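Here's the structure we're looking at; comments come further down.
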Amino acid sequence: MVPITYYLLLAAALFCMGMFGVLVRTNALVVFMCVELMLNAVNLTFLAFSRMHGDGIGHVSAFFVIAVAAAEAAIGLAIVIAVFRSRGSVNVDDIRTMKH
Amino acid sequence: MSFFDTHLLNVVIYLPLVFAALVLMLPSTEHGQVRAITFVGMLLDLVFGVWAYFRFEPSGAEFQMEFRVPWFQQFGMSYHLGVDGLAVSLLLLTVFLGPLVVLASTTYITHRIKEFHLALLVLQTTMLGALASMDVLLFYIFFEAMLIPMYLMVGVWGAEDRRMAAVKFFLYTLVGSLLMLVAIVALYFVSGAPGTRSFDYGTLYNNLLGANQQLAACASGPEGACASLTGLAATLHTYGPWMFAAFALAFAIKVPMWPVHTWLPDAHVQAPVAGSMILAGVMLKMGTYGFWRFAIPLFPVAAQAARPFLAVLAVIGIVYGALMCLAQRDIKKLIAYSSVSHLGYCMLGLLAVTSEGATGSAYQMLNHGVSTGALFLLFGFLYERRHTRLMSDYGGIAKVMPVFTAAFVIITFSSVAVPGTNGFIGEFLVLMGTFKSTLPLGFGAFATLGVILGAAYMLWMVQKVFFGGITHRENQHLRDMNLREMLTTAPFIVLVAVMGLMPQPFLDRIAPSTDRYVARASVGAPGAPQAKNDQLRVEVMSLPSTAAAARPSVPAAPLAARE
Amino acid sequence: MNIELALFGVFAVMTLVSAGLVITARSPINSAMALVSTFFFLAGIYVLLWAHTVAVMQVLVYAGAIMVLFLFVIMLLNLGDAAHRGRPTVTRILGGASAFGLLAVLAVTLGRTQALPAEMGPQAQATFGTMAAIGQSIFTSWLLPFEAVSLLLLVAMVGAVVVAKSRI
Amino acid sequence: MDGIVEFFRTAPIPPEVFSPSLGLIILLPLLGAFVCGVFGKWLGRANVHLVACSAIAGAFVLSLMAFWATSDAAGGRVVSMPNPFGLDRDVVRYAIAHDYGTWFAAGDFRVNFGLLVDHLSGILLLVITGVGFLIHLYSTSYMEHDDGYWRFFAYLNLFVAAMLTLVMADNLVLLFVGWEGVGMASYLLIGFWYTDSAKAWAGRKAFVTNRIGDFAFLIGTFLLILTVSAFNRQADVRDYAAAGTAKARYEQGLSERGPVTFKGLEKMALALPEGVGGAVSLSTPIEAGPLSGYTFGGVMTATMLLFLLGAAGKSAQLPLYVWLPDAMAGPTPVSALIHAATMVTAGVYLFCRMSSLLVLSPTAMATIAIVGALTSLLAALIAFAQDDIKKVLAYSTVSQLGIMFMGVGMGVFWAAALHLVTHACFKACLFLGAGSVMHGNGDETDIKKLGGLWKEMKWTHATFLVSTLAITGIIPLSGFFSKDAVFHGVHHNHLHELHWVSGLVYALGLVITACTAFYMSRVYLLTFTGRRSPEARVAHAHESAWHMTLPLVILAFLSIVTLVYALPLMPRSGSGGGFQPLFENFLSPVLRPAEAVARTAKTVVLDSSVPAFLDYLIAWLVALSGGATAAFLYLKFFPAQVGKPVPAFARAVRRTAQNKFYVDELYEFILIRPVKFMAFILFRVVDALVIDTVLVRGTAYVTEKVGFGLRRLQTGDAQAYAAIMALAILGGAVYALLQVLS
């Protein structure tokens, strides 16, 4: 039997890695992927706790998370495309027009 | 139980709004109709307002013609109207000015006429609502809503420098009143346990009363006696001064008291004649009215502590305002500063906390509305003809405009409080109240200086504008007042005489409110004769259901729990 | 040393490794691929957690739909190895550091928590994690969120089209 | 004989019938003013004259009725009114009154429209309406060429109404209504020819100067109100008994009539002296209230001094006399009515009214007397060098008012009042004469440019001569007797611990007499006698119409016959016996309380002797010497000196006097300029700069700048924001962790 803590640790690690990626990578697409990573870490936590308490709510939440993630990916990627069209780059460094 | 027994105030308040809707439907090219409809609306409102004034029983309950229905119960709010003697008097003043303002601006306003009259009507509603609302939050809503039409009036139909004036007026007043909002909310949470809280004036006051009395008792006691206070009294001991300061600042700006008066000259100078009339006539009274109704009775102890300070400001306002007038070249500015001086009397009378002083103050509010309103009105007529505000551009007008001069001089005498005119009664009572009060005699003496200076600057202005030879060619063919202008001025002159010679009918309605005010204000005064609680408590109609109090959904622990 | 723990170990290690690849790989293609593998291993872990349905959905939606979308976009934009690492600015460094810091904090926290039972919780009923059970709760007590989500997806779809299309 | 007495003793209208209509005396002129002012333009000249004059005439008849009613003794029962503050048996004799109810009331303060006519106000009613009517009549002709006639008569009627209010008021506040009302009317009348801005300024100067007085008047009133309440708080039975009332009655009176009623103040005055015992006396400190700590006597002195300042404003005494000479800018009838006969005497009337309070404070009395004497002397000296006939008369008015103040200050109220009456007659006559002279000489006012009018303007000359003699104090004329009555009283009354005052004031009085004689003779001689001056405006002056001469004659006649009042004809009541002057006896019902107070308080020793022949002789000689000097100088000396160089010092003295000793300039520099300057500085520096610019706009400026600064933080780098977020999250997590661990 695997202690629940292990799962949580794994989730934490995954989350932090995703966060790291979001914060350091410049490629918008990679940033998105890292966001997905973070989402998955969250899902993992949900499922772990759900298992621990032995009821299905966690599963439902995970299900919703996935759905939202799908939507988010769709819109995000669309935006990336639009930005690339207008700027010819998907580097977050180059996209900083929303300033004073 | 007829419709008007319950709804008269609603009618008075919302009639202008109804007519605003009518005006809205008119095509904006139909100037005549727009003016006519507005005028009729104001006139009807005057009728109902006068009716309300006469319905008010001086010997009856404190608040009459009450109307209360649940509204936002979750927030402990209710739609609650009602007037006491002072409110009904000011209400009368407001509805009295209404039609005259419309008449005054028939030729003065030449563009965006429909919008102007819309603004007028809405403004009327908000002012009446603020006067009649018995729920603090409701009052605040009207109090703020008032700014918007006035802002437009100054900003759109004002003189050359109107934008600056409008923005200044708006921000200046907003600063204070936002602080007041904070204080109101804090007061709401302080005022009681979750079940019993309410924004209703009566509930608030009654909830605070006991604590205020404890506080007063310990404040007059030995040093540090207040440390032992608990609960609401302790809270008030800590936060009361701040809340009072917030209220006081908001109202002091509105009054305006020295030194937060500088918005007034600009706003007055730039505003169109209607704006100036309403501003001087009614809006400034909202400040004094606020002190009278909210700031001082709710925080008697803090008010007592701040009283000398505020009184000093008031006296400074009187003398300083008068001195300012002596330095002006611009007639409208002069009149504006004279308002600062007159309102100083109102404040001094309030702070004297004697029934003479308070009565005088209340009466002075009405006088100032009449006489200064009339001054602005008359100068408006002159401005229409010459489009200059500088005294040096006039001179010897009396030769060509005798009737106008006569009217102006009469109003001037009322403004310098010559006995027999309305001004005298108010000033005399205020000064006597000040002398009778516990304030040092110096206050009264200095305030009386205003009597001299008032005559000096007003007559100086009259001299420069009307007397002497005609110095400018443009002035040689000014036409005298026409019928409309005479009709607009006549009511003021009649009122000056009536209020001066038989003030008692007006005073009778003010008197009961005065006694209550003095009783409530002297809760904080150590050694002052204290009234019984049943005289102090605010008796208002309760909601049909007891749901006016807030649900426990609001944070359970009042500020009191923090210590 | 039972089999479950062993499997968990394998899956966990592989997940972390591929996640590491995701954030380190030079070109987006590689990171995308690494992400796919991450999802697969995670699915395995889900299974260990008796969440078969979610595991299946993970594979279907993530590894299937979303990743295809990613790859498609990458292809479309034709970013080969063009991607370069950004200059390490102050904020980047701080951000990365904070990520590790957060990891440390979480680790410490988890390490010190006694509340969690070492053993898995009570043996849930046989239906635990089955499609039936999830469907049951989704379509009864969670119906409204479910509908909301479906609406969200619709909106997302339309939005994506609108945003991505060069001219409408 | 008895028949005549009986006739005079039965009023045609019984008092109780008449008293409710006292208000008409005020209302008639008011109505006249309204009609003339509003419809005057359409009514036309003749109708306006008719309305105005008949209004005053009606008022005169009513005043006559009222006056008659006050002396009504039909069936041996003297007319009397119940004293609202006294016990049932306590009545005010020789007075009728009516209370028209509350004017305004607030708290425990109340003011009623209460009118009271006793012998003092009665005689003044006659003077105001009588002289007023004559002057109206005179004006109909004097203003015949003026387009503003309707304004003029409206103002004039308004003034009369206000003056009547002042005189008939039975309380201080109502009196103040009249007090300011006359000020307003005089403002309007002085500035009547407003197109000449100098005249308009003069009006404003008058009003503002009066306002300074009113400022003091108001404060005095408030102090009195406070004193009354303090008295009512502290007094005990004996005090009330001494005042001839009871606490209950007194409080009832207060609640019905308010604290400022003269009768009520009288009661307080009666209760205050030490002699009467009781809890309250002049030296008692006030326990509670704003005045706590001060003694009643001290407060009373302060109050009286404040009222002195007020009266100085209205009656043109030092330091506020400066407005009166400028007030001559108004039409001459106005100067005659307002600035000679009636308004300016309001101060004297006020002190006679409040005599019972005044005698409580010898200090105040001494101050009044000295102020009066100094004013009188200064005005007389200035009058020496004035060439404008109206200016001379104006200063002589100031001087005569000073004499009345001397009388009031030394406690010879009756003589002061008598001088008020006689002065009203002859000074009005003088002014109207001057007006007639101006009218006949193309508005020439410079006496140097007149002269030799005696044959051209016979009536004017005759009347002017009579009234000049009267004011100079030549023996058989009223002016002599009234003035001498004042000086006699001044000489023999003694203020408590201030004995030196009477001597000083008397000495000054003699000097003043001489000066008066001098400058009045000078005016008369230069104007009427001698040769017609070469630079006269019109070759031949013409005598004025009968509208103008008739009043002159009547006034001249009056200024002779009023001497009867001063003759000691009535047996003195009470101890000592002997005779007392008619007027003293006549006013005794009004002044009795004052005498009673003076007797018990021993603040002033009132002398009751009648002037002996020696006194008369001295005064007469002094006056004569003054006149003779003038005659010598202006008939012999100066005519001989023509062409010779005038010594420098003489010129300097003359210039100084001509420029009124530069008092106006002094005020300009120490008062007006500084105030204006301060106003200007305050406006420019404090208001415009400090408050508005620095504080208000400064706040706005700072806010804006701060906003600009903070904008820089928005780099637009999404990752930076995210990093900050992350740091925040980390911080939060660490904090939470530490909380848990600790």
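Read from first to last, the chains carry the letters A, B, C and D; within each, the first residue is number 1.
We take it that a residue touches a chain if its C-beta (ideal position, glycine included) is under 8 Å from a C-beta of that chain, and two chains touch if they have at least 3 such contacts.
The structure displayed is predicted, hence computed values, not measured ones.
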{"item": "Closest chain to global C-alpha mean, per-chain Cα centroids", "value": "B"}
{"item": "Gap in Å, rounded to a whole number, between the CA centres of chain D and chain B", "value": "38"}
{"item": "Inter-chain centre distance, chain A versus chain B - centres from mean C-alpha coordinates, in Å", "value": "60"}
{"item": "Rounded Å distance between chain A and chain C, as computed from the means of their C-alpha atoms", "value": "6"}
{"item": "Mean-CA-position distance for chain D and chain A (Å)", "value": "96"}
{"item": "Where chain A touches two or more other chains, by residue", "value": "19, 23, 26, 92-93"}
{"item": "Residue numbers of chain C (touch at least two other chains)", "value": "91-92, 95, 98-99, 102, 106"}
{"item": "Residue list for chain B, restricted to those that touch at least two other chains", "value": "none"}
{"item": "Pairs of chains in contact (touch as defined earlier), listed by label", "value": "A-C, A-D, B-D, C-D"}
{"item": "Chain D - residues contacting chain B, complex", "value": "37, 102-109, 173, 176-177, 179-181, 184, 187-188, 191, 194-197, 200-201, 204, 207-208, 211-212, 214-215, 218-219, 222-223, 225-226, 229, 289-291, 675-676, 678-680, 682-684, 687, 691-692, 695-696, 700"}
{"item": "Complex interface listing, chain A residues touching chain D", "value": "19, 22-23, 26, 92-93, 95-100"}
{"item": "In the complex with chain A, residue positions of chain D that touch it", "value": "711-712, 714-719, 722-723, 726"}
{"item": "Interfacial residue positions of chain C with respect to chain D in the complex", "value": "89, 91-92, 94-95, 98-99, 101-102, 105-106, 108-109, 112"}
{"item": "In the complex, chain A residues that touch chain C", "value": "1-10, 12-21, 23-27, 29-30, 32-34, 36-37, 40, 43-44, 47-48, 50-60, 62-64, 66-75, 77-82, 84-85, 90-93"}
